[in-house]
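Across the two complexes that follow, chain A remains constant while its partner is chain B and subsequently chain C.
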Partner chain A sequence: MEIAARVGLGERLDAMGKLFAIVLVIIALASAYPIAKHMYVPPEDISTHGHAIDDQLSDTMAEAGFAFLGAQIILAFFVWKFSERKEGAKLKNFPGGAKLMVSVAFIIVGAEVFALGVLGQKAWANVYFTPPRPDALQIQAQAGQFAFYFRYPGADGKFGAIHPDKIDEGNQNFFGLDPANDIEARDDIVSGELTIPVNREVHLLMHAKDVGHSFYVRELRIQQDFVPGLDLSVHFTATKIGRYEIVCTQLCGLGHYNMKAYLSVMAQDDFEKWLKQKASEQ
Partner chain B sequence: MQEASAQPAHVHAPPEGFIRKHVFSLDHKVIGKQYYALGLLAVCMGMGLSWLMRFHLVWPTTRIPGLELLSKVGAPGGVITPEYYLSLLTMHGTLMVFFVLTNAPFAAFGNYFLPIQIGAEDMAFPRFNMMSFWTTLVAFLVLVLAFVIPDGPPISGWTSYAPLSAVGQDAGPGMGWGMNLWGISIAIFCIGSLLGALNFIATTLDLRAKGMTLMRMPICTWAWFITSCIALLAFAVLLPACILLILDRTAGTSFFIPSGLVVSDRLQPHSGGSPLLWQHLFWFFGHPEVYIAILPSMGIVSHILINSMRKPLLSSKVIIYCMMSIGFLSWMVWGHHMFVSGMNPFSSLLFSFPTLTITIPATIMTLIWLGSLYGANLRINAASLFALGFISMFVSGGVSGFFLAQPSIDIVLHATYFVVGHFHMVMGVASIFGVFAGTYFWYGKMTGRMMNEKLGQLHFWLTFIGTYCIFMPFHYLGLVGNIRRYSSFVNDFMGPLMPLHKFITIAALSTGAAQFIFLFNLIYSHFKGKPASENPWEGTTLEWSIPSPPPWNNFGGKHPVIYHDPYQYGVKGSKGDYIMQDSPEPSAS
Partner chain C sequence: MRIKHVYLAGVAILAAATLTSAVPGGGTVSGKITYEGTPAKQKPIDMSKEPSCAKQYTTPPTTETVVTGANNALENVVVYISAGAPDDAAPSQAAVFTQKGCRYIPHVLAFQVNQPLQVVNDDQTSHNIHPLAKVNREWNKSQPPGTPPIVDKYDKPEFIPVKCNVHPWMHGTFAVLKNSHYAISANDGGFALPNLPPGKYTISAYHESYGDQSQEVTITGSETKTINFVFKAKPY
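And then the complex of A and B:
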């Protein structure tokens, strides 16, 4: 009371602790509602590895949701119960004290860390620790400000070498190929759209032309940066025919927001037809 | 615990004249206030930029009258261009992370209260201290200079990933002199911060009053001390990284640029560098920086909560050990920013595990705060409300870290708004809540007048609800795959998310507007606030044993002697339910 007067409060604001508790519970429930209702979720997975990531995501969501709601509601409850009590109200300590808190954190969180951190690494291993199948379809992706280009090796199965000094976008030589002197480059097929057959593994070789970029297809559960000077690759199998957006997620300059391409997943026959038609155009 | 050494009788003579008292002052209290003022200026600018960004995202073609005065090229006719949007986000991030989150909770409050709380007359090196601030101010001026040069501010984000940041003008507008200024500014900032960190460490170790053992230091003093140890190592890495970046840009070196890059149709004359090297150096600094922002607020909040609960925490020691282990672990987790960067995928697992492990000390701290509330006699005021709000925000921002610590989930959530929501809540809002709590709590001590409590509580409600309305939906956007750093959502799947973006923008504009209540309170109370007594909150630590505001030499030439642990609350003392640290009366324990 005295203190309230001293800081210029005039009267004691009894209800503020209770109001805090109510507001906090409302915020916590309102925050959790769209998650519980699955209002905002990643799109349907179209990859063979994605379900492991999705399982991991929903396990983590359950654990994080439990921790979030639990902590906020306990905070609200204790503030409700122990704020602005009568002057001289008896102070108590939580039974078990700090030892209990430390043990609880070590056991429960430690188990969670172990579960997610060690056992849960399978999902990551699926993507990165398995080599591509030898018969995977090799496609090279090039990212540059502010477009993606994709190159298929053609009938010889080999990519022509890249000569950065020969890159000439005006003449559609996006990769800097030298077909005059390089036999392997002559039958390379270049496309602005990533077209792949369904249910066949694709080994995507990634090349950055200028600065860092990234390859992100939500439905494929694949995101991988393009790093200039580094030969990176990802491999994946798409399981559903359709057209999906590829977006750049690494800030690459003024047109970053507009850097996108499409992924077309086709039946094997359609893919071969498309490839033939592309080859005849070039 | 070792005993503190005797301190010199006078660190420096009383200041004379306006310039020495208020401008080039050696007094840690004046320097603390100067840091606070700089943080305030930077936060106003940073918030203004975020308003422009949020506005542009949902009303991209609407004219903002007068904006063309800020940049003719970037906002012709008052409409923001996509590249200027990137300039805004770069400057917003840089201002907020360096000049607000590092300056306000650490440099400002730390400078003001660390010497007082350990019973010292000033910092160990007052001249270095003055130099730290003025160096930081120069860094700030160099950074904002980028707004007025023709080239404009850089567009590569506050992380300045190479080679975009390293190849110069070819990379786009703002990447010429704008980017140079950024590099120079951050290098200067590092020097200021290194000096400050050294000073904090030396002061804590050497200038403690008689009886002030390390374990008798208040928790916030511990937090500032641990933070300075982190800052000393972190900025020592960022400084050379910035110098290398500047060399790549101006001296033709190739630390971060490989060969064969064709940028803007020009083959770049570099070879042999590694873009990932920049990422490693940057995040080796960048992750500890998160703790530089949050640890001081953890300390401040603990300090205020204990005072408001009228009883000590279940264990202050455990909180201190947790802060130490968080600081220690912060050095082995930087790679979690780089899971999909192309570094060896095996190292992702190595970085993931310690990242998840940080959850353990963080959970212990949260449980100690929660458990300590049980059975307390909690006084509710603006300071304690913001302290409670900090706990809530820390939990909310912390649990989303659990997702991002796992490389497999990061494949989906990396570079989305989920990440933006996560770090804004945990290192941005939570840390700022600590600053607000500290301001309402210590304002009386710093100025001699109390802040208006009713306005303070109104400010709390609007800010608490508002920040949840802004940053919780960021997580939802991220789950759907909404990419960050896009000036416009031209993608098929991002278009439908616009209603949520509109909601966020409206929440951001109104929560931002609510900060004017705080600003008004800050200025108004300076002149019209109720006079503050020596110990208005019935506190126990040394800052409450001296007049408000304290004299230039803090303790009036006396040397306080410490008899107790810092938080003797809930005991029978001569003045009430507490015993001051420097009171010789016997304590309960």
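And then the complex of A and C:
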């Protein structure tokens, strides 16, 4: 009686092992399918370098996907193969033992990561190792708790000096300009919105007023931290007219969730009209 | 016994009358506040980061650091008695400071030491009011939309600039005063301090951008004395 019961339990466990192997393969394929079919739709790409970043993301997904599927199918194979318990069967070891396994894993994963780095170097270099064009439109961006403000140099093409002790937000002097004494500051245009002309390279000069922040426009595929004490910059060209959200993506305090601004991409004529209108409001 | 009661009641009433500093039918100090020179241009406020507030305006509102009226009138000047009047007990009615359209209403709020201050959020967005007190305790409180008003009080007189931590353009002023004789100049620059018992007073006027000025005046009965203040304006 006892022996018969024990035999029945063993058969059921074998079947469970095989079922597990099958379910494993189904889950692996089902989760890989939407990625392989590109069913996740990235945000619209409105930049000149964005496609390189999107390609890099696809490459990463492909490499990781192959490795993932391979690992899951091999695992399922072994689970199926050894699901039948045999009393007294000898334990088989992987040839070469742990040392070989670790070395193989190291080489495979290392090669994967290296390949991603090699394939992606252009995407990074285009944004970070290429200097902006000399005729790029220079706009200064200041991030402070909890808003972004942008400054245009005005007709003289020069930015007036910044005096932190002169910052007076109640009077809309967010940058601490001193137009009474600095001639170059008199025609500077300060705006809460980043308005730029389409198809023109923009060189964004960035500094933080207080703590760390980050500038992120997903459609531009641009993200750059503001680091207090550093003068950083990014350059990009927007290719599509529209209104896009700039969000702060570095936790900067209790108002971080509300810290955003808008990027307004306009035709060149509209941009010049906007600039004139803004100058009259200064 | 009854005569003694009447006598005591009479003394009590007289004492009360001399202890309260507002005397109906007392003297009045009134006048006009003006500026000379060119005041800084008030600029339109860019509220693009807060669309729920920006859409409440057809044209953007302007800053209120210097608000002027016709004939060089200066608005939002707090006129108060800095010497000569006894301190008053705080009224129980709260002074209300409202956040609406991402602005503070009124721009300058005057109230007394220990009087309850009530901060109301009438907007769809969170505010984080931060009165920048130096003499009193400095605090800031977050206030999501739909939450009850913040109630607090100050126990020392002070002029306190107020800002919102979330919306950098929001600015206002609290004038925490020792007695009940104060007024804020209207759009015509006019003010009036009525019900003053006889005495020698120092009348002060405070503007958030142009500072503090004082003049002395003596009230003998129920006359009206005129005092005017002129502030020097700067273009930047």
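Everything that follows uses one rule, which is that the second predicted complex is superposed on the first by the 224 of 282 C-alpha atoms of A that agree within 3 Å, B and C clash if a C-alpha of one lies under 4 Å from a C-alpha of the other, contacts with A are read in each partner's own complex, and residues count from 1 in each chain.
Assume a contact is a pair of C-beta atoms (placed from the backbone, for glycine too) under 8 Å apart; a residue touches a chain by one contact, two chains touch by 3 or more.
Keep in mind that what you see is a predicted model, and the values were worked out from it rather than measured.
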{"item": "Which of chain B and chain C A:Gly120 touches, first, second, both or neither", "value": "first"}
{"item": "Partner, of chain C and chain B, that touches more residues belonging to chain A", "value": "B"}
{"item": "Chain B versus chain C as contact partner of A:Gln145, first or second or both or neither", "value": "both"}
{"item": "Touched partner set for A:Ala36, first chain B, second chain C, both or neither", "value": "neither"}
{"item": "Chain B versus chain C as contact partner of A:Ile183, first or second or both or neither", "value": "neither"}
{"item": "Which superposed partner A:Gln223 touches (first chain B, second chain C, both, neither)", "value": "first"}
{"item": "Which of chain B and chain C A:Glu169 touches, first, second, both or neither", "value": "both"}
{"item": "Chain B versus chain C as contact partner of A:Gln72, first or second or both or neither", "value": "first"}
{"item": "Which superposed partner A:Gln250 touches (first chain B, second chain C, both, neither)", "value": "first"}
{"item": "Touching partner for A:Ser191 - first (chain B), second (chain C), both, neither", "value": "second"}
{"item": "Doubly contacted chain A residues - partners chain C and chain B", "value": "144-145, 169, 253-255, 258, 260"}
{"item": "Residue numbers on chain A that touch chain B, as the complex places them", "value": "3-4, 6-9, 13, 16-17, 20, 23-24, 27, 31, 34-35, 39-43, 52-53, 56-57, 60-61, 63-65, 67-68, 71-72, 74-75, 78-79, 82-85, 87, 89-94, 97-98, 100-102, 104-106, 108-110, 112-113, 116-118, 120-121, 123-124, 127-129, 144-145, 162, 164-165, 167, 169, 176, 208-212, 214, 216, 218, 221-230, 232, 245, 247, 249-258, 260"}
{"item": "Contacting residues of chain A [partner chain C, same complex]", "value": "144-148, 169-172, 174, 178-180, 191-193, 253-255, 258-262, 281-282"}
{"item": "Interfacial residue positions of chain B with respect to chain A in the complex", "value": "81-83, 86, 155-157, 161-164, 167, 171-173, 257-265, 267, 273-276, 309-311, 313-315, 318, 340-342, 345-346, 348-349, 352-353, 356-357, 359-361, 363-364, 366-368, 370-381, 385, 388, 391-392, 395-396, 399-400, 402-403, 405-409, 411-412, 414-416, 444, 450, 452-454, 457, 461, 464-465, 468, 472, 476-477, 479-481, 483, 485-493, 529-530, 533, 536-538, 570"}
{"item": "Contacting residues of chain C [partner chain A, same complex]", "value": "40, 43-50, 63, 65, 125-126, 128, 142, 161, 163, 165-169, 171, 235-236"}
